[in-house]
Every structure is written in structure tokens, then in C-alpha cells.
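For reference, chains read A, B, C and D in written order, and residue numbers begin at 1 within each chain.
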Amino acid sequence: MKTPQEYIESLRKLNLNVYMFGKRVDNVVDNGIIRPSLNAVAVTYALAMKPEYGEIMTATSHITGKKINRFTHIHQSADDLVKKSKMGRLLGSLTGCCFQRCVGMDALNALSMTTFDIDRKYGTDYNRRFLAYLAYVQDSDLVCDGAMTDPKGDRSLPPHRKQDPDLFLRVVEERKEGIVVRGAKAHQTGAVNSHEVIVMPTMTMGVEDRDYAVSFAVPSDAAGVTYIMGRQSCDTRKLEEGTIDRGNALFGGHEALIVFDNVFVPRERVFMFREHDFSGQLVEQFASYHRQSYACKVGVGDVLIGAAQTAAEYNGADRASHVKDKIIEMNHLNETLYCGCIACAAEGHREPSGTWYVDTLLANVHKQNVTRVPSEIARLAQDIAGGLMVTCPSEGDLASPETGKWVKKYLQGRSGVLTEDRVRILRLIENLTMGSAAVGYLTESMHGAGSPQAQRIMIGRLANMKEKQKIAKKLAGVAGSVE
Amino acid sequence: MKTPQEYIESLRKLNLNVYMFGKRVDNVVDNGIIRPSLNAVAVTYALAMKPEYGEIMTATSHITGKKINRFTHIHQSADDLVKKSKMGRLLGSLTGCCFQRCVGMDALNALSMTTFDIDRKYGTDYNRRFLAYLAYVQDSDLVCDGAMTDPKGDRSLPPHRKQDPDLFLRVVEERKEGIVVRGAKAHQTGAVNSHEVIVMPTMTMGVEDRDYAVSFAVPSDAAGVTYIMGRQSCDTRKLEEGTIDRGNALFGGHEALIVFDNVFVPRERVFMFREHDFSGQLVEQFASYHRQSYACKVGVGDVLIGAAQTAAEYNGADRASHVKDKIIEMNHLNETLYCGCIACAAEGHREPSGTWYVDTLLANVHKQNVTRVPSEIARLAQDIAGGLMVTCPSEGDLASPETGKWVKKYLQGRSGVLTEDRVRILRLIENLTMGSAAVGYLTESMHGAGSPQAQRIMIGRLANMKEKQKIAKKLAGVAGSVE
Amino acid sequence: MKTPQEYIESLRKLNLNVYMFGKRVDNVVDNGIIRPSLNAVAVTYALAMKPEYGEIMTATSHITGKKINRFTHIHQSADDLVKKSKMGRLLGSLTGCCFQRCVGMDALNALSMTTFDIDRKYGTDYNRRFLAYLAYVQDSDLVCDGAMTDPKGDRSLPPHRKQDPDLFLRVVEERKEGIVVRGAKAHQTGAVNSHEVIVMPTMTMGVEDRDYAVSFAVPSDAAGVTYIMGRQSCDTRKLEEGTIDRGNALFGGHEALIVFDNVFVPRERVFMFREHDFSGQLVEQFASYHRQSYACKVGVGDVLIGAAQTAAEYNGADRASHVKDKIIEMNHLNETLYCGCIACAAEGHREPSGTWYVDTLLANVHKQNVTRVPSEIARLAQDIAGGLMVTCPSEGDLASPETGKWVKKYLQGRSGVLTEDRVRILRLIENLTMGSAAVGYLTESMHGAGSPQAQRIMIGRLANMKEKQKIAKKLAGVAGSVE
Amino acid sequence: MKTPQEYIESLRKLNLNVYMFGKRVDNVVDNGIIRPSLNAVAVTYALAMKPEYGEIMTATSHITGKKINRFTHIHQSADDLVKKSKMGRLLGSLTGCCFQRCVGMDALNALSMTTFDIDRKYGTDYNRRFLAYLAYVQDSDLVCDGAMTDPKGDRSLPPHRKQDPDLFLRVVEERKEGIVVRGAKAHQTGAVNSHEVIVMPTMTMGVEDRDYAVSFAVPSDAAGVTYIMGRQSCDTRKLEEGTIDRGNALFGGHEALIVFDNVFVPRERVFMFREHDFSGQLVEQFASYHRQSYACKVGVGDVLIGAAQTAAEYNGADRASHVKDKIIEMNHLNETLYCGCIACAAEGHREPSGTWYVDTLLANVHKQNVTRVPSEIARLAQDIAGGLMVTCPSEGDLASPETGKWVKKYLQGRSGVLTEDRVRILRLIENLTMGSAAVGYLTESMHGAGSPQAQRIMIGRLANMKEKQKIAKKLAGVAGSVE
């Protein structure tokens, strides 16, 4: 396993083609806006080194028997799935943001099943290729970006009838040694902190769309791959002097648009190629795992609850019954989310490939709650924090000889609390509810791993309505029920 | 294990002192209002006989090694706890009501831990007594009522300062061979379908209230024990001719007030006697197990969802997008509850006594959701059912030569559906949302195993706020955080 | 204006054909199940006699200049509309149930506009007929049933393609002196307490369905009209001895299915005849007025809030912060509803006919909230009431020499409160949240004046999206916005 | 009345002492971060010039008979109050942000009543002074900042026992010609766009806190007054090149901390001086008016709904039933808010001073809903917008020769829609839900005019519980109810 330092050095060796604010980023690793997101990924390495987190952060490879970072592991039991949920909460709480590494883990696990199943049907050898690739990822302790979401353009048209055929990523050429692909993947979390990009189709493809039914892996600095960084709320605060106003002093997240401009993929790195009848399965398996991964938001919720409680104490308002009740409600909601990610793991089962798979109904139910609950926790946190969270003068005003005295005098909280500390906690709440961490805690909670309606469709499909109707009819004494 | 028939016969042998509508009930077993509740308990026996439910409904006794009904089992693993949740959902779905037997199971499991812990501190032999009693319960396959809730009177006064000292059940005399108790237990679910009553204190008792810190078991027909049946919404429909208007043709529930008028308890049946410092623990352990037991409402929810879907189909409205979306929402909410009861079980741990105990924070979170979610599922079911659910003529009107033709003509639904079947399904929904089953599905979901505020207090106590504040302060860069 | 006594006597003179439990009801007025609903209507007469309510309960007829009961008034100003809302809240609070008379008022007001508009287009004389009828209703101070809802059968088929053509009420014969109609109207609130039945179509009719586009009035005892009473939760408690267990000692509601078996309607009583292009307007106008009428539920909410507060005081729990907060929440929700019925009235406008019409968008918004909010108020009331509400022994047990002493001893609340009074308040809460009044407070709130989806369709249609998009585009600087 | 240009010029003449980022702002009017907020205030002048808005935006002064801007008007009727609500919605919709001028209007109206009432009790002449001041404000068409919120420090201590006596603003010296005050006012919306600052106490003051019971007006550039600007989320985007990424191309808001460092106030400008028994009334009256003022958020909601609909159309997703339903829900929620601000106005009454006062219960209910509803509207808007809202590349990337082609190709929506326009709409949604406008739409909606608990306390106080309990007891037949 890599140390955090080795991880960072390995990123320096990459030759990524990254753009931000319309300009090329020469030094990605030390860029002020990107660095906090890299710091967050680095925690996944750091914790795996610490004995007290070993149980959660590491696993034993089922292919090599070596100790590996759990983020590169293929789940071998329900216990592995439960530990994955706990790892997510732990890291969410320690970084207060998106730590970006779960998407690659979920892609690996989904591919471990789908490649196996394609081979069973078509006699292909995708699973062998995949396992070879997996061994490389595990041995090198790599960060993989799991790239699924195509840009889509007009939602009402299928891929092959889009105004531009590249709006879904597709195979544009087949060569003897491999394939050439073109297209883009949007909203790629942690993209420029990754060593590898694993591409998957974004939805079920029909036979006319079979060129879009493609899955493969390429190094993140492969020729033809370009990253265009997305803006986040308050992103440029990370470039300002000082650390207070950024809220989270150390960590952040990022998303990028990845453009694949005729990228060559060697055959050994191709895991699905025009088997459109398996595209839906791969999407569903990745999505189900990734919906479980929203365990992380429980950890971010822990941070927000802790910040709200601290803000209340700093204000001298923590004994008010309504404040106590709101903290209880925040905890109740947060633990309700936790129940979801634990239950879908504990109720997991073994697939033919040997990989353990979450309970898909419960994984969808969990994610659906994630699209709702954090916004209510955030609302309650803002309630407790008070309006100062959005009207507080800047760090510059706190430091200024002319205004610092006023800020310190008038924005002081309870005796014994530094005004600066009070401001810091408020800025953290701002960061989590409106700032750059809100991108992950609120909006990504909504749309990551599928938008709310995607989960509703799955819940509608997976709920066993026939059985429910049968028992209802029987209890009501409906004649027709005695078939 | 007893067959359902043996169970019913064993009840006939009891000499219970039961009152209803101010009059003594001579034949409890065949009483029209009580019988549906007995039928529901009998299902816990019937299913244990069926091989397909053996895994869930039975267990191996850890004291005798015999196969026993799971309702008499002491949980030996997280898997046992998970199966308990599944058993609850299963029975809730097959009866559409409260099957009453979990409260005794929860009392037994709580006592298995508390008696052990009292003995460790005080060198008493409660655990030996308890295990002897347990063997009797398991071998005879008995139904135990777990009796905790005292009437309380004025909530703002402690037991020893109440206007009447009997408002909490208490020891009034100590004899060589045992003790004499007086008081009452309210809201006792399934009381008159039980062989045994296991009494526990209802809250933490201080030293002045030590006479109230008492736990014991007596046969349900012990001298001095009187049952006064509670009324349920629409209870007398069970006495009407016909089966349609009662909604659930077979099953129901009941609650009773149990009066203990100087009841003698032999020493071997006493499990706590004035160890007031353990009263809180016993309450908390029973309550935590019992909060998990609200897995049953997920099963009742299954019935209601099935009924709503059927009503929509009978109306020809099941293809409307808003109906489909409401069914999805009902399923989503119901499965969210399921996540709670699975998660608190899967996250259980072994106590010193050897008994497996649920995760108490998550058990409280689960029950808190049960106080909210069924009312929303019920609201959506009423939305889908349509107003006819509450304006439908009676079974008599359907059968009458004068009105039957009109009812059949005008209340018909989609072609091919009998009007009678349509009415039956609507009556089931009425039963579950306003009628006698609503007592269990809505009000008991609110107050059973502790009212909402009881769970909030526990959530407030169990959430690890110190840790949450520590990580928040660290991320915010609060100076004081670097202790 | 009639006195309450005159009203009751006038009902005795009717020869209604009413069935309940499959048997004809010979004396409707003194029937134990029906009488509480009649009592509630009688309050609309009683209050109009009292000077302190004169402002709200009476108005000046715009056709005769006489003082009339507001329930027979055609609104002449926004102030009239606001007073209508206040009258609804007042009567809801004084009866604790549905007082049934608003539906006729809403039918009259809708017809005052639609008949005028049909005449303008087709040169008919419906408005003259209507005004003559109105004068009769006002002078005789009559209760009119507004009958709109057809049984419908399979929702997915239009009227003329139903399996039975009578599933929507229709004209089956045209004679020189009038028309003959056949069909039924379901869920008719207060039907057998009415002097008149005003029939309207239930939805927009196409040209093939023009025989269904018919509106008229007949006396409630017209030949061929049959009433089949609907069952309500706990209806038969009204037949039991004693008054406690019925919850609301005096008042109730009722609904009936009205069958029109070839009923003759004289031409002067016909207000729409095959003008199918006005059927939608009539439905929308009646529905909008009737959605406003759900002001009454605010009054019922007042009763429930008062009952919950009293229950808390009787328990000695009213000082607990969570109880106080729940009472505040109940009031907040109830007043939120009040805002809706006041706003849609205050924002009303004058139609060409001279009648004042509510703001239809806000009326729909108000009713949509009524489909949600009472169930939450009811849930909170049950929370505060405690489980005893559904486990309390019967009135018979309270009175019995054998059990009365136990019930009084063990179900006592705070010192100074009679156990009987405590039970009475709990039974009122049961009545409002599960019993016969819950039919009105919860289910009718859902489906009366159109089910939730009906309001959503109207909100979707009435919200001015074009204007909202225009301003959004302008603020965003969207080029296309500068057309 | 002033033109917008005259307004801006009048601001240039002020000599305000403003700090931002620790440095003095020399040219407040043209500062990039402040200017959008000034633009928003200017709209209140521009619209008053336009005949089509004259009814809403202007009024006739009750003291001079002249036509004045409604923002300087003392309400003379319920119609005035209703128009105030409509003016708020109109301006919120046209600016998409906080237009800042209502707080001064609310202060003037509250003072018109409190000064009158103090004079009646104490024979003072505050009302005369106030009317003279009012005439000046009306004639000069001034913007007044209504400054109420003190910094407070430790919430658990009263003003005179705070660690620093200046944490509430207070009189530190009384001179013959006037008084000298010291302290600060926090969260002052639109402070540096104002000509005047009207100071009021922030809560009920006891006799020991009488030095804190002071109200007065000073010019915004009075000696000793310093402004320290608060930071808003994404504030510095307003300094970037281009207009896309700021979301709202033209308008914004601002808040400032105002420090009063021994500011002299001439006697004629003092409106309350140590009459601590009227401090609570002034707070309550200002707060009630200001709670009504949250009509503006309905207008901002209009913008957000329009933006969400446009985003859906640009995505080609507007025909999906779940999208249509979410738009309906957003409209429903937004109009529910509208009902609140209309109802509290329509139910207003005349106070002894002649000023019309809102219904305080309903004003509190309205504001309480404003603390909840916008966050749900925002959540739904983010649902519809899709994740691109937070991952979209910058305006620089769109313009760049290297990345512009990729952004345009891959982020295109439906045919015929410019990618730039799609991005603009998404940036507007970001601005409203996470960016600088979210400060107003979400956080200020929570805390402005009092935090949620402040409204709950008022609702608890204003709900007539005695009456509700009386009717409940009567209906239940409670003996004690027949006093």
C-alpha cells in the first residue's frame, strides 16, 4: 500500500491535461483550488496505515491474498459491505467533504460481476482481463475514477438519434490491438486526483446503440484525455490569504468534465464491447453499489451536527430546549441515513461471480433518503448557527487594525470563546450548507449515483407488489384471491 | 412446540378474570371481539410448524438445545436479531395487525441481561431463577405478556409522591415465600391471550421509590389479577353479521388494563426486588428490544400498500403517474422503516450475560421513524383509495334485496371486478387507517415501546456529541481543538 | 329565516326514501346515527338567530334585499367571501364535525355565474330560472345538497363508453314539461338533512357526453330518489347507551349514495341541458368555491388543539417543553390553513354575472394543504393524548360496580380532574382522529371538493409559468429572453 | 419622488465609513461587490416612476397628501397592507434578491404606533418628532435602514450583565441637545445603500436595562458610524470578468455590521428614551410588519420556479411527469407562502394611532413558513436543474479557444438552445440556492425578522387556547366545562 506521500508523488508523475478558468493548469498537485481535494483523497491512504483503522480501511485481496486498501477490494462477504459503509462514514467525518475514492471501488466491484456474466453468456474473456487489471490496481494502490455519466444533451432522444452522436461516449473505431473512443463524461468527482479512469455506459442501450455499450480503463493521462474543472460555490476562497473564510481549512472536493478525443484503448483494457444487453446490468450494479456509498454523507452530517452544537455553545444557546431538540432531530435524521447504508449491506448476497452485492431495493431506498435528509439537516444547522453565518465580516476585517477591534468586540460569543473560533465554526457551517462542501453534501447527495427519479424507478420495479396484493386480498377476504 | 390448536386449548384451561363493557367475559376464547386477536397469536404457532418458515420462526434453545419457537428464544447472535426483525415483518404482513407475542420475547431477553448484571453486583441469584423460568416457558411454548407501563396519574410527580401510591405497581408486603404486589399495568397488548405476565418497572426509580423497583412473573390467571378490556375503534363491527365491514376478516388485536390487587408472587418468580439502581437498565433494555420489534409495522405496511395498489386497479386508476408515484413513495417509506429494524439488529453486540443486544441508538432511531412514517403511508393509502372508503354503504345494504342492486350497479369498479371485492379492499384500508387495526398501525406505532419523546431523550443521550464536536473543530481550525 | 326547531320540523314533513344497514329508515329525523348530523346542520340556523354572530351568519339578499342566512347568499364582495371563510371556521369549531350546508351554498354561487354565461352565449334563460329558484331557497331558508360526484366505475373510460351508461348521471328522456334523469351521486354529505338536491356534472364533458352535461334541482323527496347511507368509523357507538364513548356528545356528519331512478325534473328547475362546453366551467367554479369551504377544517382543528391541550393538562404533562412545542406546531399548521381560505377570499374578484369569485389558484392551494395538514395535526394530537386514547375501557366499565372502582383509581390524571372527564377528552380525540369525525377531518379533507391530484392539475394550469420564465431569463442574462 | 439616477447621485454625496476585506471602501457606489445591491434598491425608485406599477408602488401621504413612494408610507387601510405584500412579491421577482428597502418602511410604521402610545401614557412628544421626521423621509424619498438586531454575545445573559455592556446598543450620555449612544447593530441589510439609520431595541427590556431602551434616527454618515461589510457566499464572483458565473447578472444584496462609536443623536431624532416598558411593543410591532415583509421571498420563489422550468426545457426533460409534478409542488409551496402574507394583511386592523397593523398571529405563521418552505423549493429546483449546476466549467472555459469548443459541444442541451444560455440558467439556480442570493432566499428567510423560535413563542402566545379548550370540553361533555 502507498503512503500518502507516495500517493502525492505518484500524481506528480502524471501528465494530465487539465484546464480551469479557461487556462491550462501546469502544476495540478499544488494548485490552490485542487489541492484540498487531493488532501481528502490522501486521507484514504493515511488511515490505511494506522493500526486503529486497519479493520475498516484494509482488506485481504481475494486474488493475491495480500493486504490491500479496502478501496481496491472486491467484497467477499456481507461483513465487507458493512465495513465499506463504515469506511464511508468515517472518511466523511474526518474530511467533512467528498473524498472521491469510492466511485472507482464501486466500478471495480460492478465489473467483477458483469464481466463474469458476459463471459458466461458469450464465452468472452472479459473477466480474466478484469482480474489482471484489478491485480495491477491493488498492487499499485491506485485511485480510479469511475466514469459513467454522459453529457446527454436533449434528454428526450436516444444516443444514436442525438443531435451530436458524441453526446454519449462511443466506439468510433475498432483496431486489431484495441478500440478508439470519443465522447465525454461529466461531473467526474476526483478526476484529476486519479491514476486511472474506468469508463462505463450510463444507461441501458438498445441494439441501435450498441456502439455506446462499451466499458474500459485508461490511465488518467492517456493521449486525448482532457479535464475541464467545474466551478464550485466559493471555490476561489481557497486562493485567498488566510484559512478562516474557506470554512474547511484542509479539505474539499472537485468535479471535472472529461473529454475523450479519439482515445485509444488497448484490447486488454476493454471490459465490455457492444454487448448492449449487459449495459443495463452494469449500470444497475454500479449504481447500487454507489448508492450504498452515500454512507459518506452520514459522516459529513456528523461534522455538521458537531459544528452546530459548537456554534450553539459559543452563542450560549445550547441549553435552550428548542436547540437541544433540533440537535436531536439532526442526529435522528443522520442515523436514519446510517440505517439505510448498513441495512443494504447487511442484507447483501453473493453473486455467481463470488462478489457480494448489496440489497438493491434497500440501496435505492437509502440513496433516495440521501436526496432529502441532508437538506433538512442543513436547514436545522443554519437555524442553530444564526444569521451571522452569512453576514460575518471577512478574515481580513478580523485581522485589520482598523476593524479587527470592532469585529472582536461585537462578534464575541460566550465568555472564554475566541471570536475567531466562533467565526471559524460559522464558516464551516457556511462551507457545508452553501459553500464548496455543500456541492457534495447537498447537490451531489441529490444527483450523485443517479438523480432521485432514478431511485424511484428502481424502487417501483423492485418492490414485490404481487406478494403484497396477495396478502391484502387474503386478509380482506377477496374471492378472487383464492386462485 | 405447541400447535395452534394446542395453544387455543391451553387458553381454554385458564381461569382469567376478564371484563368488557362493564361485564365479566365468561368465555374469553370464543368472544367475538377477542377472538380475532387470539387468531393472530395463533399464527405465531402455525408458522413455526411450517418448514418454509422454520429458519425464521424457530431457534435452538441455548439452555436446552431443543428447537423452540423464536418468540421464546434468547438471542445468541446478530443473525438471531436480524431474524427477529424478519419474523416481525412476516407476521405483520400475514395478520395485518398486532400479533402481540413480541412483548414477552423482549421481556425475556431484557431479563436475561439484567438479572445477570444484578447478580454480578449484589451476589443475588436472579439469573438462575430466570433461567429456570425460561426453560419452563420454552418447553411449554408459552405466550408471555410483558407488562411495563404503569398508569402514572399526574405525570409531574414521582411514584412515592403520587396522589395514590398504587399508580405505579409496587411491593406492599414481603413474606418468607414471596412478595405481595399491588398496582396496575395499562395498554397491555394481547394480555388475555397470554399464559404468563412478566412485570417490569416502567422507569428509573430512585431510592425513595425502591418498592416500585420490582420485576416478576405470574400466571395470567393468578389470584387477584383482573383484566379490563380496552375499546378499539370499530370494535363492535366484529360482532356484526358478515365479514366485509370488519375489514380484516380474520385478525385483530386487543389491549387491556391489568389490575394487580394484592397478588402473591413466589420468590422463585421474582427477578428484581428493590434493586432500584437496575430499574433504569431493565427499562432501557426492554425498550430497546421492543423498539426493534416495531419491525412488525413494516409488515402491516406491506398489507396497506398491497391494498392501495389493488384499490387503484379496481378503480382503473393504477396507470395514472401520480398513483404510481404514491405507491413508490409508500414503498420507499416502508422500506426506510425496514432499514431501521435491520440495522439496529445487524449492529448488535454481545453483552456480558451472553445475550445479543441491539444497537440502542439505532433501535431508538427506528422507533422514532415508526412514530411518523405509518401516518404518512396511511394518508397516501387514503389518497389512492378514494372517498368511497368512508362513505360506502354497509354489508347489509350490499345484501339487501332493496338496495343491493343499486350498490352493485353504482359502486362497481373496473369491468371484471366484483363490487363486493372492491368494497372488501376499501374496508381493509379503512380498518388499517381508521378502524381497529389503526389502533396498532398508527397509535401504537406512536406510543408503544415508549412515546416519541422517550426515543428523543435516548437519541440525545446516545449520540456521541463530543466526538462530533471534536472533528468539526479540527476541520474548522478552531484553536481550542488542539488540546 | 327558520329557527332550528322550524328546520327540524320541516325535515319531518319530507318523505325521504332512506336505507341504512339494508333496511328502510322510517323516521330519519330521530334516527340515532343520523340525528347528530342533523343537529350539526341545525347549528347553522341557531347561530343566524344570535345577534353576536349576525355579521358572519347572515347577509342581505341581492335579489330581495331581505336578511337571509349566509348559506343561501350569492357573494357580492370580497368581504362576503372572507365572511364565508370565517363562518366555516366558526361552525367547524362549534360542532367539531362537518355541518354539511356549504355544499349547497357553493352550488348556488357557481350556478349564479354559469347560468349567466350560458345565457350570454346561447340566449337561453337559465339565469332567470336560477334566480327564481334562488329566491325560493332564500325565502324558505332551505338546506340544499350540492350533488356533483358521479360513481364513475372504471376511471380510465369516458362516460359514454363506460360498461354501464348510468355510471355518470344523465338525461334519459326529454319531455315537453321537463326531463327525466338517471344515475347516482356518491359521497353526498348531509344528503338526508336537505330540502333540495342541486345536481351538477362532475367533469368536463365532450360532445359525445352531452347527455351527461346536465344541471338541475329537485326536492329531496322527489319521486325516484333513494338514499343509501354510508358507514362511518364507529358509527354504531351513537346507538350505544351513554354519551362518553361517542366522543362528540352532540354532533356528527353523514354521507349517502343518492340514486336517481328515472327522476322527472320540470323545465323551470333545469339550469344546464346538454351545453357540454359549459360543464367544465361549472365544475371548476363549484370546485373552487368548495375548496375555499374547507375553512371549516380550521375550526375542527381548533377543537382538536383544544382537546390535546386539555388532555396534556389532565395528564400533568402540559409544562413539558416538547408538549408546548407540539401545541405550537398544531396551531401553526392550523393557522397556515386559515391563511389559505382567507387569502383566496380576499383576492377574489367580480365576475360578469356580478357574483364574487374566489382566486382559483389560491383556493386550490388552500385545499391542497387541507389534504396534508390535518393528518399531521391529528398525529400530533395522538402524540400528546397518549396511548390511553385507544386502550381506554368502555363507558360501561367506568359505570360498572365491579370495574368502575379500578378504572377510576388507575386512570385518574392530575389531582382535581375527574377520571370521567379525562376519558371524555380522550374519546373526543379518538372521535376526531379515528372515529366518525375523522371521516370528515381526515378523509373528506383528502377527497372532498376533489382529490389531491385534481388540485395539482389546477395549480399546474393556473400558475403563470410564462411570466416566471421571462423574469428568470432576464435576470440570468439569457440572450433569447430579449425577444 | 426621486428617480433612480437621483437616488444614486444622492448616495454619492454621502460620506460613509465603510470597510470590506479589512480595507476602507472609498467609492461605495461603484464598488463591484456592493453595486448589485444598490441596483436592487434602485428598482424601488424606477418602478414607482412607471404608471403600470403606480397602484402598487406609490401611495398618498396621510400627512402631506402628496404622492409618495410606498416604502415611505404609513399604512392607512387593509388595502395598503395587501399592496405592501404585493409590492414585496413584485420586487422579489424582478430583482431575484433582497431589495433591502422594506426594513425602513417597517421601522417607520412601527414607530408611528409606538411613539403615539408612549405619548399617551407619559405625555411625551415622540409622535410629533416622529411625524416631522416622517415628512422629511417622504419628501426626500429616502432609504432608511431599520436597525434592530444587537450582537448579543452570550445569549444566556441579560444586557446589563453581559461581559461587555456594549453588546446591546445603549445610551452612554445624556446631553441637553441630545444623547450619545454606543454599540452595534448586526446583519444590517442594505445598510450602505441607505440615507438614514433608524435604531430600535432588539427585545423587551427590564428596568435594569432601561439604558438599552432607546430608539432614534441618524443620517447614515453620522460621525462615529462605521460599516463593516459581511461576506456572502460567492461574493467575489461579482469582481470577476464576465457576467455568467455571478448567476444574477444585475442584482444582489448585502449586509453589514454597523458600529456606533459614541454617536450623538439630537433630541428631535429620539423616539424612545428609557421607556423600557414600550421596548417590547416596538420590537413586536416592527417584527410583525417585517414578518409580513417576507412576501418578497414569494417573488424570489417565482424566479427560481421560472429558472427550474427553463432548465428542464433546455434539458428536454420538461415533459417528464415527475418534473411537471415537482414544478407544481414548487408553485404550491410558493403560493402557500403568498397566502400567508396576504392573509395577515387582509386581516389587519386599525390601531389607536390610526396606523393599520397586520394580524400578528398570521404574520408570525407566515414568517414561520418562510423559515421552512424556501429550502424545500430550493431542493426541488436543484433536483430539476441536475448536477451540472455545481460541476459546470467557468465562463472562462466557455470563452477559451482551447476548451470552449468542448464545453459548447458537450454541455449543449436541447437543439436550438445555446449552451451559454443553458449555463446562464444553471448559474442563476446556483446563485439562488447556494450563491449570494441564497443568503437572502434561504438563510435570511430563516433568521430575518426573528429566528424560527421567535415566531413560535409568538404563536404560542397569540393562539387563543382558552377558547379552544372551552369548545373542546363542551363537545366532549366535560362536566367542568359548564362553569
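In this text, a contact is a pair of C-beta atoms (placed from the backbone, for glycine too) under 8 Å apart; a residue touches a chain by one contact, two chains touch by 3 or more.
Note that the coordinates shown come from a computational prediction; the quantities given were computed from them, not determined experimentally.
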Angular offset of chain A relative to chain C [C-alpha, multiple of 5 degrees]: 180
Which of B-D and C-D has more C-beta contact pairs: C-D
Shared interface numbering between chain B and chain A [over half = same, under half = different]: same
Centroid spacing, where centroids are CA-atom means, of chain B and chain D in whole angstrom: 51
Between chain D and chain C, distance of the C-alpha-averaged centres to the nearest whole Å: 40
Residues within chain A bordering two or more other chains: 322, 325, 456
Chain D partner contacts - residues on chain A that touch it in the complex: 19-24, 149, 151-157, 163-164, 166-167, 184, 186-187, 226, 228-234, 236-237, 245, 255-257, 259, 315-317, 319-320, 322, 371-372, 375-376, 378-379, 382-383, 386-394, 396-400, 402-404, 406-407, 409-415, 430, 434-435, 438-439, 442-444, 446-448, 451-453, 456
Residue ranges of chain C touching chain A (in the complex, touch as defined): 321-322, 325
Residue ranges of chain B in contact with chain A within the complex: 82, 93-96, 243-244, 247-251, 302-307, 309-310, 324-325, 327-328, 331-332, 335-336, 338-340, 342-344, 346-347, 361-362, 365-366, 368-369, 417-418, 420-421, 424-425, 427-428, 456, 459-460, 463, 465, 467-473, 475-480
